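Sharing a structure below in C-alpha cells format, with a few things to ask.
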Amino acid sequence: MNNIKIITEHWGKINPLKIEDYVSVGGYEALKEFIEKSDSEGALKEVKLSRLSGRGGAGFLTGVKWEMVSAQKGEKYFVCNLDESEPGTYKDRLIAENNPHLLLEGLVLSALTIGAKKSYIYLNGNYEKAKEVLARAILQAQERKFLGTKILSSKYSLEIEIFSGAGAYICGEETALLSSIEGNRGEPKMRPPYPTECGLFGKPTVVNNAETIASIPWIIQNGGKKYLKCATKLFVLGGSVKNMGVFEAPIATTIDEAITKLGGGMQDGKEFWFAQVGGASGGIYLEKELGGPILGSGAILVVDRTADIYDLLLSWTGFFRRESCGKCVPCREGTFRLHEIAERLVDGEIADRDKEALNDILWTLENTTFCPLGKFAATAVRNAIDKLGILK
Amino acid sequence: MQNNVTVEKILVSYDPEVQNLLPVLKKISAVFGFIGSKDAEIVAEYFGLSLAKICEVASFYDLIKTRKPANLEIKVCSSGDCALGSSAEIIQEIENYFRIKAGDEFNPKVRLEKNSCLGRCAEGPIMIVNGKVFEKVTVSSVHRILGEYV
Amino acid sequence: MQIKINNKKYAAKVGETIFQVCMREGIKIPTLCGAKYSHEGLCRVCVVENSGRLITSCNTKVCKDMDLVTESEKISKARRINLELLWADHAGKCATCKKNRLCDLQKLAEEYRIENFHFVPRRGEMTSSEEQKLLRDNWSRVVVENENPCISRNSEFCVECRRCINICPEQKFGFNHRAGDVVVGTPYEKVLDCSFCGKCVEACPVAALTDQNDFSKIIKDLDDLKKFSVAVIDLEMDGKISEQLKNISHEQNFEKIFFDLGFEKIIKLEEKERNEEDEIIKNIRTEYARKEKIDPKNICTFFISSKIYKKVRKNEYLDYVLSEREVVRLVRDRGNIVAGKMKIKA
C-alpha cells in the first residue's frame, strides 16, 4: 500500500481554525495557480484525466459531470453535498472539521472551473461543530480574497453559503437535496432532467460529495495523470475491528485489506462473521467475499459472531421505515411493512404469509421505487436472507 | 429567551426567499421548541406561501417540530455501530424505566425516539436528552444520566 | 418520432409522456395518482416495461426508438404488489363505503385480483389484541373531519395520491409528515375552511374526500309518503351524472331515475336560467303548495348541482344540495327507496 495522503495529510497537524496554518503547508497554492493560468478548460481537462469519481457512493465520473455544466452558458450553481446521513459514515464531517480550507479551496476551484458564481455547502443539520468551523473558514478565506468578489484580484468571483439541513437522510440524494434548498420537502425529483441540465432553481447545477471536492486541489497541483495512479479514498471502519475511525487508502483497497491493514484486524477474541459495506444501504460480505473493492460511501461495519443479527435487522428496517420520504407507494408502504415483518421475525412470530410478503416487498422495492433509496432499503435485508439465512 | 424573541423578530433577519424557508423554520423550532400553527401562519404570510406548504415542509424534517415537545425528549441512535453496541438494550431499559414505548406519542411528559446516525459512530452508542448528546452510553449509565433529568 | 408499444409502431410527439401516447392510442394503463390530475409517479401502478426495465409511464417522456411493453408478467406483478400494499393501508370497508363501486382503488383491486392479503390491514376495524398492537401507531394518524358543511374527510381511506393537493386552487391540502406517517390533510389538522369548490372531492379516487350530507335524513324524506320532493337540476348535470352512473346502472332515462329515487317533480334549469337557481328554488315551496295543495312544510326542495358550496347556504327555501356523486350514490342504494314510497304509490 502506498502512503500518499491526499485528503488527510494535514489532519491533526494544523489548526483547522487558522487559515495561516493551512497556507503554511502549501494551502491555496492550487487556487493561485489556477487564477494565474486563468484556464478553466485546462483544469477541467486535468479532472477528466484523473478519472476522479463521485465519492458519495454513486461513483459518477466528476469530469464528465462538470463538462456537461461548464458547456452551458448563464447562471449555474455548484453544490457541495455534505449531508452524509448514511449510517456509519462520518468522513465528510471530519474533512470539514479537520481541514476546512482544503474543502473550501476545492470548492472554489470546482465552482470556478464550471463557471458558477454561487455555491452552496449542504451540511448535515446535526453537524454543529463542522458548521462553526466552516463558517469561520469562509470568513477567513474571504479576508484573504480566496473567496468573494474578484478572487485574488482576478475576474473570478464566488460566493459560498452554508445551507444547514434539518435532519432527513433522503436529502443526501442530489435531487432531494436541491428540493430542500428550494424550500420544499426533501423529496427526490424525477430524472431526467438531471441537475446538470435543470438543477437548483432550474439552473444547471453540479452536486458533488465533499470528499470528491477535497481531492480537487491536489489534482490541479499535481495533474490528473498523477492522480490516476495514486487515487485515494476515505474509508470508515466500525464495529469489531481494533482501530475504528476514518482512514485514507488507495481506492483499489479491498475489504479484506481495509479490515486487516487499516483496521488492525479483529478485536481480540472476536471472530469475523460478515462486513456490511456502504452503511445501512450497503450489502453484506462474508469472509470469502472480502477480495472485492469497497463500494458505496466507504463505510465498513465489521460484525463478529457474537452480534445479534436481529438487532441489526431492526436497525436497518427501522432506519428506512423512518427515513423514507413517503412520496411513492412501494417505498412508503414497503419500508413500513418490512419493519413490521422484521419485528415479527425477531419476536419469533413470523408466518408463512410474512415470508411471501417479504419477497414481494423486496422485489417491488428493488424494481419500482421512485428513487434509489428504495433499492437501498432492500439490499441489506435481501443479503441477510440469502447469505445469513435469517428466515431459516 | 422566549420573552423577548418573537417570530417576527426572527423573520426580520431573513429575506422572504424560498431558500430561506428551511433556515427560518429550523430557527423558530430551535427557539420555541416547535412551530405552532399561529407561528406557521406568520411565516406563511411572510414568504407568501400557503400554510399547507409551510406545514408540509416543517413536518418533513426531524429537526423541525410541529407539535409541542415533551418535557423530556430522549433519542437513542439505532444505526450501525450503535445497534451493534447494545443500543437496543438501552432503548429497552429506558422503555422499562418510564413505562413507555419508543415512538409512542401518548405520554406528554416523556418521549423516546429511535434516531438515525449522527456520524459519531466511534463514540457510540449515542443518546440525546433534550438536545444534549451523551456518548458511549451503557445500560448502566442510562439511569445515572436520566436521573439528572427526572 | 416513432416508438414501439407492444410490438406495434406509433407516432409520438417530443415532450409527450408514454401515458399520454397510450391514452391517445387507446392502450389502457391503470393509474391511481395520475390521469388528468398530475404526473408525479407516486402510485407506481402505471409502470410499463422499457427494454426489460420497469418505468412509470405517467412521468417518463417518450424517446426515440423506445420499445415498450404495457402488459407482462413482471408488470402485473409490480402493479399487484403495489396495489396490495396500498390496499393494506386502506380501510377496506367496502360494503359500507360511500364510494363502493365508484372507487378507483376498488376497481383496480378487482382487476388485479387483490384478494389474498399478505398484510395486516393498517387502517380498519381490528379485532384481536395482538393486531391492535401492530396498528397502534397508525391509528394516531387517522384524521376524520366532518365539521365543515360541505366536505367530509376521512384519512382512513386515503391512498396519498396527492390529487387533492395538486388540484386545490386555494392550496388547502398538504403532504404532511414523512415515511409511513404521511397524512394528506390540512395544516395542523385544522377544520377545512375554503370556498368549497368541490374539485378535491371530484378528484379523490377513494372515499377520503366525499360530499357531506345527512343521507339517512334524505332517504327518510324521499321515502315519506306525505312529502313532496322537488329536484332542481343544474345545467350540465346530465353528462356528469351519466359519466358516474355507468359504473352502477345501464339506465339512462333521467326522469325515470329521479322518479325511482322518490322525487315527485324535477325541474331542469335551462341555459337562459344559468345561475338563477336561487330565484327558482325560492318560489318552489309556495308554488307547489298552491298547485298541489300540499302543506308547504311537506315540500322538500333539492338542488342537484356540482356547486357543493351551496350547502353552506341551505335555507328555508332549500333543504338539500346533492352533487352528481350523491345522486349516483342514491341510485346505487336505490333498493331501499323503491321498496318505500314508489312501491306503495303504485
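Observations, loosely collected:
The first chain written gets the first letter, and so on, giving A, B and C; residue counts start at 1 in each chain.
Keep this in mind: a residue touches a chain if its C-beta (ideal position, glycine included) is under 8 Å from a C-beta of that chain, and two chains touch if they have at least 3 such contacts.
Only a predicted model underlies this, so the values are computations on that prediction, with no experimental measurement involved.
Shared contacts of subunit A and subunit B, meaning chains that touch the two of them, come down to C. Placing every chain at the mean of its C-alpha atoms, the farthest one from subunit A is found to be C.
When the interfaces B-C and A-C are ranked by how many C-beta pairs touch across them, A-C comes first. A straight line joining the Cα centres of subunit A and subunit B is 24 Å long.
Centre to centre, using the average C-alpha position, subunit B and subunit C are separated by 39 Å. Subunit A and subunit C have CA centres that are 45 Å apart. Each of the following residues of subunit B touches two or more other chains: 56, 60. Across the assembly, subunit C contributes residues 175, 177-178 that each touch 2 or more other chains. Listed for subunit A are residues 168, 185, 322-323, 325, each touching two or more other chains. Residues 136-137, 140, 165, 170-178, 186-188, 190 of subunit C touch subunit B in their complex. Interface residues of subunit B, counted against subunit C in their complex, comprise 37, 40, 50-56, 59-60, 66, 103-105.
Those residues of subunit A lying in contact with subunit C across their complex are 168, 185, 190, 192, 321-330, 332-337, 340, 353-354, 356-357, 360-361, 363-364, 367-370. By the touch criterion stated above, subunit C contacts subunit A in their complex at residues 40-45, 47, 54, 59, 61, 74, 77-78, 81-82, 84-86, 88-89, 118-120, 122, 134, 159-160, 175, 177-182. Contact residues on subunit B toward subunit A in their complex (touch as defined above): 18-23, 25-26, 47, 56-57, 60-64, 78-81, 83-84, 87-88, 114, 116-122.
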